[in-house]
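In what follows, subunit A forms one complex with subunit B and a second complex with subunit C.
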Partner chain A sequence: MSKHTVDYNASQDYKTYKLLGAVLVALGGIGVLGAFQADVYRSWHWLLIMFLFLVSIGLGNLFLIALEYLVNANWSTPIRRISESLSGVLVPAAGFALVMLAFGSHKLFHHWIEPPDAIVQGKVSYLNMQFFTVRVILCFGAWLLFRALFLKNSRAQDKDGDQVYTRNNVKYSTVFMLVFAISISVAAMDWIMSLDPHWFSTMFGVYYFAGTLVSAVSVLTLFTIHLREKGYLPGVSRDTYYSLGLMMFAFNTFWAYIAFSQFMLIWYANLPEETLWFIKRWEGGWMYVTCALMIFHFVLPFFLLLSRTVKTIPSFLAFMARWLILAHFLDLYWLVMPNYIPKEGASVFGLVDISFIVLAIGCIMLWFHKECSKANLMPIKDPKLQMGLEFKL
Partner chain B sequence: MSNRKLHSITALFDTPDSIMHAAEAVRDAGYQKFDVNTPYPLHGMDDAMGLKPTLLPFTTLFFGLTGLAIAVGFQWYTSGDSIGAISGTTLGLPYWLERYPLVIGGKPLFSLPAFVPVMFELTVLLAALGTVACLIAIFCKLPANGHPLHDSRYMEATSCDRFGLCIEASDPLFDEAKVKAFLEKLGGKDIELIYEAPKLQISPVSTMGFVTVLAVIAIGASGKTWFIYNIMLYQAPWTWMDIQPKAKPQAEMAYLPSGLAMLPPVPGTVARNFMPYAYSSQPEKAGEMLSNPYPKTSESLAKGKTLYNIHCSVCHGYQASGDGRLKGQFPNPPSLHSEKSKNWNDGQFFHVITEGQNVMSGYAKHISVEDRWHIVNYIRALQRALDAKETDLQ
Partner chain C sequence: MSLDFSKPIPLFEGKVSLSQLDDAIAAPMEKPDNTRFLMAMGVCSILLAIGGASLFQLLRYGTGSWGLNSPVFWGWAIVNFVFWVGIGHAGTLISAILFLMRQKWRNSIARFAEAMTIFAVITALTFPLLHTGRPWLAHYLLPYPNERAMWVNFRSPLLWDVFAVSTYFTVSLVFWYVGLIPDFATMRDRTKHKIKKFVYSLFSLGWRHSNRHWQHYERTYLILAGLATPLVLSVHSIVSFDFAVSLIPGWHTTIFPPYFVAGAIFSGFAMVVTVLVVVRVVYKLEHIITLDTLERMNKVIMATGLMVGYAYGMEFFIAWYSGVEAEQYVFLNRAFGPYAWAYWIMITCNVVIPQLFWFRQVRRSVGLMFVISIFVNIGMWFERFVITVTSLHRDFLPSSWGYYSPTIWDVGLYIGSFGVFFTGVVLFARFMPVIAMAELKAVAPGAQPTHHHGGHHE
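After this line comes the complex of A and B, so read on.
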């Protein structure tokens, strides 16, 4: 068995990410400011979409870290640092959450902040600004706390290679999984479902979770492939690419399964208070967005990622990862935007809308670079690293 | 022994690492027809042997899509509108081609969301069954279920604790002495020559005779069962009360005048608890002729109130002033507190509830005769309540 030499230090050069990230943030920021000048309500909704995307990436990668510890996976150990760095995106996401709480809440959640109607009146004990703020702070507090714990142990292990750090992280992951399951459902209900407070779906948390995983694995794949092709991750093999492609494929199918389950139950029961949410997304131009979501988030990626061979082709896998990232944006757009523009013809993307996507991608790059420079790019003394590098299908 | 054809030369190795290196060496030496037998799957062996991807996934895809197509087609056909209704003719379709246009839950006949679970299940089912069937029938070359390597010391060892490699004689580079030396050089032990069986091994299970015997047994067993349960058990005098001289509903019965077992009611029959309404389209006459048989007791008013709130208040409003909850969506009903309404007889109210008026439809099917009178009593009470007289205060 061949031994891979692992020789890293923290000062490796990722200037590309820093420069490109800064340019994207600057461009996106200007675009966003312009968008706020043009249409305040639409811009707040787009900011919410961007925020949810950042949460998807950060929280999804935090979930992948915990999952690796919990199931004792070793194939993903060499690329765990990328997940750890990507989970840093939760920090700007928390910033955007505070901005929205402070300035945008009346633009986004006016349905239940302003004097509520009879139906919302019954939900007021949950849907009120004080409790909402508490929940947001608790969720972000828990996520950032567990992120700090995972990263502290993981980085400390780089110095002496003590196995205690791994065991501690396994314990934290056990608790985190419970916290994660509750907090992501709460976040999905608070930030998306409460935009339309008359409607409810008990599956909604799982739906957002499924989309989160698709986009998190896609971003992880994209960064892994890019760094590997630049030569930063020696020893990461095609078999790891295949596993990442498999996760993309599996979670994308899971997303479709959950999305359809949610739709079919509501469609079958045909209760007015539940169907109105889907009817809104089937009227006028939204019908095309819904069809596009079905085709571009499930049908085409399903068949494109089906073959075993294509999952080991880096360029194709990177292409599919970009595709699924944009598909997740489309998913969030479909979830959030009809609450602002339910009328025909308003579902078209504008140029200013792209600036929010640009800003999100810039944020991810900047924070990825920032976190990456703090530690080695691989957990060099992790006991599972050697097995991960020798991983074969 | 020597007159039989050589099938392959085998060698045994002791560790996974050594077999992996041996496989790489054999691959690099240019051999193509060789195989590795290990007691458990070795990760990375596909690469070491230089195996090409198998075609099996395509059979899975094919069968999966077939299942999908069958599910869509079958559900579309069976739940569609009948052929006769579409073409406007009476095509004499055999009964097993008849369609079942059943409206379920108010959904359209072709409801894709309801079909998706079946599509999913059939896709998975056919993909799985098809893959296994193809694996066994095509890739394992079914009629022959034996292999020269079976019953050899080599197979005994590799299915227990050792790792084996065999190079087949059909390989273009094969040369008995060279291969033997090559395997020895790689560190292979217990080198064994495997010979073909005198002829292709065909299991007795797949011979024509055996299949015929199976078919005869199957037909015989099912025929016997059919005979017992349909003929033998019903030989007289054992009829098991199955044959009875009785008319079954919705069946033909030739000796009745109508030819139907279920006799249609005699014209003019009145169902029990159902009195035809005598003053249809004659509101004035109803007002003259009908009188309210129920006094305005508190029970009658309470019942009338409940029924009024259920059936009438939607349009007329709880106070009967024409401000119901559907106000604005339909032409508003007039207030029941007008002079015209107050001057109506009870019978006229009864008539309107029974047959409707203008936009209002008749409620004869929903509200019984007795309940209609209770509602009339309650309307009277409402009229009185909004126009109380001084004597009411005493």
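After this line comes the complex of A and C, so read on.
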């Protein structure tokens, strides 16, 4: 059998993703509507969590595409289309951003929209609705623009295999990295840090970036394993799983390093304007969530993913990918939710909250299917594809 | 010339056989150019003599001979310590992290970078020891039950430094030595000189290039790489804690750990480029340490330089955003106060000049990369100077304001530190294989038995 001609038939469909995605979106959507009936403030915060998760997946995969071009990696070339399709999640994310801007901003950002105190008054030249909207539009504009450029070149290459497309994407990647570094920091500060406008941390952009990487690689791993085990990725060896597992492990450890450094420095210096943020996440039952985050996001995955062998076992790796996706949800929940002051006796976590997670997963499946059906599942004439398929540990 | 993406970038220039590789690397040891060696040692001796005189003065009069005075009690000694520890970061990054990432181009530069790491950490360690004022009591820094009934302060980041740097030094040394064992054996087999043969035999630990030896070796190397990887991040993170756990505006900021690590890799790679550019010409190793390898290093320099630039920007923005007056003042004072000259030297060298690496011609020009790498070294020294001094020289009370300047002895010790570092580098380059022969042969063309060429089956 020749490995050189990968004949992936684009008409092969993934009805599973489409059907399951539609069902999840429908179920999640009904749940979300119900949640808004029950508690408006709480639901807006959950919608923000869901939105941030979609940005993590979409933008994180866009970052992975650019990274591959930039460092001239080839092991990931056969699965790059999966990242390309997943980056399409930025489209529904942009939709949710507009919804929040239009209807939810007063519920989420009332600390700096409504009566600002003396400290917040000093920041209004940055924290105001007009400039906020401009930043959101610029960020999404840049992300979607670069996504369009990457995908255009990548898909055009499927026809004639001209290397000029790769060369162009390398050029775009260099610029994208600069735009990415600034825009993801701005997004993290705007959507999360400004929920508590008194608090500040220079590390915050990096913190969100680290979580983004973990979840983006996990989703990519999950889709890769599923598609390859179903036979949709001919020629991709299981050694590719090792690389994916390695990235999950490395990025997760990086996340822990960033999270620990941020906490340690604030705890040690013990300045009231900074510690307040962590105190909020320790009192009133939040202690359990914080501890769960440490154990669930770092300690257990660290030991479970440490071994070299387990990174090539598909079922185990898929399990760990699901695990880390939920861990990122927990992380976002921990970042956003303590800023919502619940009514007396409101629970920390309600069953109805799950519908937001369901909706997010449904969105990812639907948009993945939508993007996938537009092109071959592998970049069939990418000059690096052959080296990627020959990749051995 | 533009890249062909369908082929891996060759690691060697031209065709080289395995024995030619050995010959090329062993040549400087077997047919040494002693004139050049003695000249280099002569220069190092002058630097060492300047350092020695300054050391004598320091031990005689104490740290009062330095420029330290209220309110600046951390001066050049701390700046030099952080500077040299930073330089010592490239080696382990190249040998451990790039190894785990399967970057084969690292094999030609790993050995030299590791050696530089060892010497840079040794150089760095002298400064905090001297700064204690009583270096002969250095063992007080180690926590062990002792007759003095004294105990170290576990809550001090300065003590964490002791642990972090000594661990880093130990692991780097072991890593370096394990890599050297097969090469010592090769040198033992090549030499006919009796004393040399004895010394090489001693250090090669009875290595016979057997299959079993290689199996153990590979496993050890992998484990050491895994152990060294977190150390690359931990050492400079903990050095950054020295500053960042304090309450001093400009020091206490959460981005410090990754920012310091990026800066360390930035300066470390710059120093490796500075030295390697010279070594590869002098030792005629241009076909092994290729232009492609140097270009990749320059890309790393540019990337880490941009990360450092990101941190500068983020610090400024958050200083404003925080609304904390003292924080805002410190950053404005950095850029426009009495030390503005140092700040703008830092910005120019670290953020502006490395942007030249956007151009492929510059990344591949040996002369330009040499110049730029020296600018980066200067810039990174000034970064540490700016951080250390500007945050201290104007305390909260205007009565505690001052202007710090170094004395001639500060300068002398700094010059001497280059003597220590380059003496190590020159001796290493004279007596040890500057490139890992075994590792290099493993990635040489034809070394992979499973390698199959694409495109011939149709």
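Note that the second predicted complex is superposed on the first by the 381 of 393 C-alpha atoms of A that agree within 3 Å, B and C clash if a C-alpha of one lies under 4 Å from a C-alpha of the other, contacts with A are read in each partner's own complex, and residues count from 1 in each chain.
Methods note: a contact is a pair of C-beta atoms (placed from the backbone, for glycine too) under 8 Å apart; a residue touches a chain by one contact, two chains touch by 3 or more.
Computed from a predicted model, the values in this text were never measured in an experiment.
Residue contacts after overlaying the shared chain place A:Tyr268 against subunit B and subunit C alike.
Contacts of A:Lys171 after superposition: neither subunit B nor subunit C is touched. Counted by residues of subunit A touched, the larger count belongs to C, out of subunit B and subunit C. When both complexes are overlaid on chain A, the residue A:His110 reaches neither subunit B nor subunit C.
Legend: residue contacts after superposition of the two complexes on their common chain; A:Lys392 is shown touching both subunit B and subunit C.
Touch criterion not met for A:Lys230: it reaches neither subunit B nor subunit C.
In the superposed model, A:Ser307 lies in contact with subunit B only, and not with subunit C. Once chain A of one complex is fitted onto chain A of the other, the partner contacts of A:Gly122 are limited to subunit C, with no touch recorded for subunit B. Applying the stated touch rule to the two superposed structures, the overlap between the subunit B and subunit C interfaces on subunit A comprises residues 264, 268, 392. Within the complex formed with subunit A, the subunit C residues making contact are 2-9, 100, 230, 233, 237, 241, 244-247, 252-258, 306, 310-311, 314-315, 318, 321-324, 358, 450, 452, 454-455, 457-458. The residues of subunit B lying in touch with subunit A in their complex are 17, 43-44, 46-47, 53, 57, 61, 105-106, 113-114, 116-117. On the subunit A side of its complex with subunit B, the touching residues are 1, 260, 263-264, 267-268, 270, 306-309, 391-393. Subunit A makes touch with subunit C in their complex at residues 2, 4, 72, 74, 119, 122-123, 126, 163, 166-167, 174, 178, 181-182, 185, 200-206, 246, 253, 257-258, 261-262, 264-266, 268-269, 271, 273, 383-384, 386-387, 390, 392.
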